[in-house]
Amino acid sequence: MNFLEIHSLSKAFDGLHAVENLHFTVKKNTITGLIGPNGAGKTTAFNLITHFLPKDSGKVVYAGENLKKLPAYKVVQRGMARTFQQIRLWPNLTVRENLLLACSREYDSWWKSFTHTNEAHQDTQIDEMLDKVNLRKYKNHLASDLSYGQSKLIEIARTILTDAELILLDEPASGINPTLLRTVEDLIFELKKQGKTILVIEHNMPFLMGISDEVVVMENGRFLMQDKPEKVQSDPRVLEAYLGG
Amino acid sequence: MSDILIQLIWNGLVTGSLIALVALGLTLIYGIAHFIQFAHGEMVAIGAYTFMVFHKLSAWPIVPAALASIFITIVIGILLEKLFFKPVREHDPLIPLVIAIGLSIGIQALILIIFGPNILTISDHSYESYSFLDGALLATPSQILAFVFAVVLMIGLHLFLKKTKRGKAIRAISSNRSIGKTFGLSTDKSMMWVFGIGSLLTAIAGIFLGFEQNLEPLMGVQISVKAFSAVILGAIGSVRGAIFGSFLIGLAESLLVGLGIVASGFTAGIPFVILILMLLIRPEGLFGKRFVSLRQ
Amino acid sequence: MLEYLLSLLILTTIWTLLTQSYNLSFGLTGLFNLGHIIFYGIGAYTAAILNTDYGLQILPNLIIAAVVCGIVAAIFGLLTLRLSGHYLAIATLGAAMIAIVVATNWMDLTNGPLGIRGIDGPILFDLQITESWQILLLFLVIAGLCQWTLYKIFHSPFGRLQRAIQDDEIAARAVGKNTFLSKTWSLVLSSAFAGIAGAMYTHYRLFLDPTIFALPEIIFLILMIIVGGRGNFWGAILGTILVVIIGEIPRFFGFPDSIIGASRNILFAALLITTMFYRPKGLFTLFAKKAT
Amino acid sequence: MTKKFIAYGLGLCTLILTGCQNVANPSGNNAEDTITIGGIVPLTGDGAVYGVMTQNVANLRVEEINESGGINGKKLEIIWEDGKCTPKDASLAAQKLVNIDKVNIIFGGTCSGETLGAAPITEKANVILFSSVSTSPEVTNAGDFVFRTAPSDSSQGKVLGNYANKSGFNTVALLSEQTDYAVGVAGAFKDNFDGEIIEETYLSTESDFKTRITKIKASDPDALFLNPQTPPKFEIMLKQLQEQGWDKPIISNEISTGNIDARTKYADFLKERGLVAANFVAPDNSELTQFVERYEAKFGNKPEYINYTASTLDGVGILKRVLENTDSENTEAIRDTLYALQDYEGVFGTLAFDQNGDVNITHSLFRFNGEDFERLEE
């Protein structure tokens, strides 16, 4: 059964089509890559799917439910969370607070400010996650103290901690050194083991082809093909799309 | 009622011209420096008072007095930018905005101490107004000049921004400061030009306002608050928007009150009721493109 | 002299509460709302009208003022919270201007420029409190309770969410937070406390007119929060006290009456500019409790 | 945090305890041979020039009364308190005089804010509040025990309203500032003028009347009533009226009678429009001029406001007359005698109080002749 179905999705900015009747599917508990040359509309597609950007037309069906005009925060609450191309952590909050905001929800209303807030459970969750990405010692540092690579890991960790079923990663591997890359890979595989579904935008071809069960290719905002990694790598149209570009 | 329509439209055009002269400076400064220059309105008072000092106290004829006061206001405008806004140019826009608020109350206080609290007249003799269309329209020389100057300056500014090298540089830096840098366009020079032009326009507005309503330390506040809403009404950063917003407010005030649609006690609220209503319909202003919240 | 000091302390107690309420929506959530003074004025007028027309005393008036301001803020939020940055600042400044015009013209509600007189002083369970030091004590208790509540809100998960919204609202949505509702609550709460401060002012000053909405009050409020430090709980209180003291200095230097107001504004202008240049986070950063 | 909260709680309890104790202890009452009354005037702050003069006039008059036998042989004495020209300080002063000095009559507030601040306290204690300077229309219904010998500001509106009726104006346009003083005057004008009124108002922060003048011209009234709060606004009005070619008669409140340069700059404009203004002026009679000489002898300078000197003299005179034939402890009796007062001959002529405690002194009318204001005989 398809966990995510995209039907004729399109979006234009002052007449210029960033995404034009895009369609593809993501099967449950798989890792699906999304590739295409620069300007192919990958990030715009992400923004449209997660409703951070209102779509002109098209349908997004997530876990069998047509999302229609659901606000972005509700889409996340339904279980579809995403990271951003430029990292969006809260610089003036500590790493712990950045992660707590993802996994603790029951105390968000102001009247809960007067009851005793017991976030011990969330703290253990955060410690486990920080151990996985071995950034435990930065727990009480401000997010602004982290390096680029560390920030990327924390943003991925934060997205995972929202307990989402479908996780969309926007270039998780770009600009980080090989050791951290290994950590990202482990994280992704562990998510898959836990039954989650992952959709990844990535330019690092070896990395992407290595982890993806299927790959979707986009060109100039349109769907080019969707197939197994081997098929995609050997297909002349993909090469030409990248070269012709 | 209709026979006073012409006079009401004229009143609206005159008020609109004065607001536009302030709003143009505001929107240019916002375009390049990304904050609302709250102290910009005080330039009106500086222009008016310096003109009074030259024209009335030291009896210079009007034109030299005007040129001198405009020159001084431009110098003050550029100095303000150098001293107070240049150091915080890269900071979060809230910082220069709060500094501008501080400057505005500081300048008002200085004027109050130097010239005293009561109202001064800008020149001794009062000018008779000319009558046009056999009495249907009465306009004083200063009102006519104010309208003509405003139109001429608007066209001039438009040409300056479109045609001259400096104008293009300002537009480039306004759209994206890093692009400006890569092409070696000095932000400093452009800032100087923008604050200079802004001060020139407001000095002229100040002189004409002085002829309209005499001089008081807070004379800049009322008109700059209207200019703020005109700038946002049009769409922040757009010259066309600022002009349209200014005349919309000027005409709305005179027509709504003049034709009895709105009680005259509510005049001061009209610009803001229009602004808030419009923001409900088009949150990005009449001429603004619907910017995507994600692109910040 | 004692009488003057006591009245200054009473007013400072009211202003610290007003600054702290502004600290929630502007300091914590980052809503640059130049119209916060509207709720101070609405709270003041609510208490004045309830007292003179219906004979209600200070305690019920405080609560009703808070509720009325909360409701008005909720509506106000619906209109303005979609705006951000300078659009929000100018729209809210405009709302304050409209408030002045409405308060001046709506004769049968606010008695317009004649203002409302003959308001009762603080009366607790029909015990009239007239001595200044007693009023100060009562106001310290009321303001203390409000500050305690605000302290709890500042240092709660709700407070943490507000700081996140200020840093990056998109990211807050990306972790599933309803930022629009949260910002509205922040505005409603900060307006309710501003309303309480306004009601306290009414029951102390015993006279009220539309100038309570005027521009100088708006700038005074911004000065206190900037000096105190946006988002800094103790800073907001200390900042208010410092600004009040600085504001009173010209009075003792024997300046002639006409330029007391002007010299006070010059001091405020200098303070505002230097703070922004050298201490954008406020003069009391060492009091800013490290993040929880 | 909770420790702080307990500390506040304790503070509240002590507050309640001391609160009751304070009211309970009375101070000594009047000695047998003097009648003591209270007095509230601004001795500091911006109202001081009025307050000190009123105090001097009252003290001098009381001195003269005591020298010529006092009241039925008893000395009259006034305990003065500083009202600081604000409602709050005047209410504190009234609290002290009523609760501690146990006076039955308070002479004063000078600033209207003082009288309005003290009134709630004196009304609750049925104490007579007798002002000789407060002119705000709000004092009219400040209370049953509140009287004054200075005319209400709004009486300007009454006088000008009658003048407008007598001059045969059918419609009068009104350009009025939105402040308590101006709204008071405008209100009285509307109550007294029988014809139609076109009212245009503006906020004190506004200076652009062009559109309002255009609208007034279009409705073609018979006259224009200028009702500003301050002389500068009056001057801007004249400038913009001249620019829009206003050619109908102009009437105005007392602001235009001050020595302001607008009068010289627009002299002929105002002369041709036959400016008529209302003003509260003291009558020129011998009793007043002799008192002024005695005042100058004692204090070294003439009283600053001759009109308020006259109203204060009449105030003390009326109090003397009433105290001579009513028991000074019985405030209800004093109140009724004041309301019933018919034949008191004061500096301003025969005086009487209306049902609100306002005196029948009114403003007089003056026409501008190009240099100065000449009094208009009714």
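In order of appearance the chains are A, B, C and D, and numbering begins at 1 in each one.
Just so it is clear, contacts are C-beta pairs under 8 Å (C-beta built on N, C-alpha and C of every residue); 3 or more make two chains touch, one makes a residue touch a chain.
Everything quoted here is computed from the prediction, not taken from an experiment.
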Ranking chains by how close their C-alpha centroid sits to the total C-alpha centroid puts first chain C
Would you mind telling me which chain pair, B-C or B-D, is linked by more contacting C-beta pairs? B-C
Furthest chain, CA centroid comparison against chain C: A
Using the average of all C-alpha atoms in each chain as its centre, how far is it in Å between chain B and chain C? 31
Between chain A and chain B, what is the gap in Å from one C-alpha centre to the other? 48
Could you give the separation in Å between the centres of chain B and chain D, each centre being the mean of its C-alpha atoms? 43
Taking the mean of the CA coordinates per chain, how far is chain C from chain D in Å? 35
Interface hub residues of chain D, defined as touching at least two other chains: 178, 201, 203
Hunt down the residues of chain B that sit against at least two other chains at once, touch-wise. 221, 263, 265, 268, 294
Hey, what residues on chain C touch two or more of the other chains? 100-101, 104-105, 152, 170
In the complex with chain A, residue positions of chain C that touch it: 149, 152-153, 155-161, 163-164, 166-168, 170-179, 182, 185, 189, 291-292
Per the contact definition, I'd like the list of chain A residues that touch chain C in the complex. 52, 71-73, 76-77, 81-82, 84, 88-94, 97, 100-102, 104-105, 107-110, 112-114, 117, 119, 142, 158-159, 162
Report the residues of chain B in contact with chain C in the complex, numbered from low to high. 30, 35-36, 84, 87-88, 91, 93-95, 97-99, 101-103, 105-106, 108-110, 112-113, 116-117, 221, 225, 228-229, 231-232, 236, 263, 265-266, 268-269, 271-273, 275-276, 279-280, 283, 285, 293-294, 296
Provide the residue numbers of chain C that touch chain B in the complex, in ascending order. 32, 79-80, 82-83, 85-87, 89-91, 93-95, 97-98, 100-102, 104-105, 170, 215, 219, 222, 226, 258-259, 261-266, 268-273, 276-277, 280
Provide the residue numbers of chain B that touch chain D in the complex, in ascending order. 1, 3-4, 7-8, 11, 14-15, 118-119, 121, 126-127, 129, 131, 138, 140, 212-214, 216, 218-219, 221-222, 253-254, 257-258, 260, 263-265, 267-268
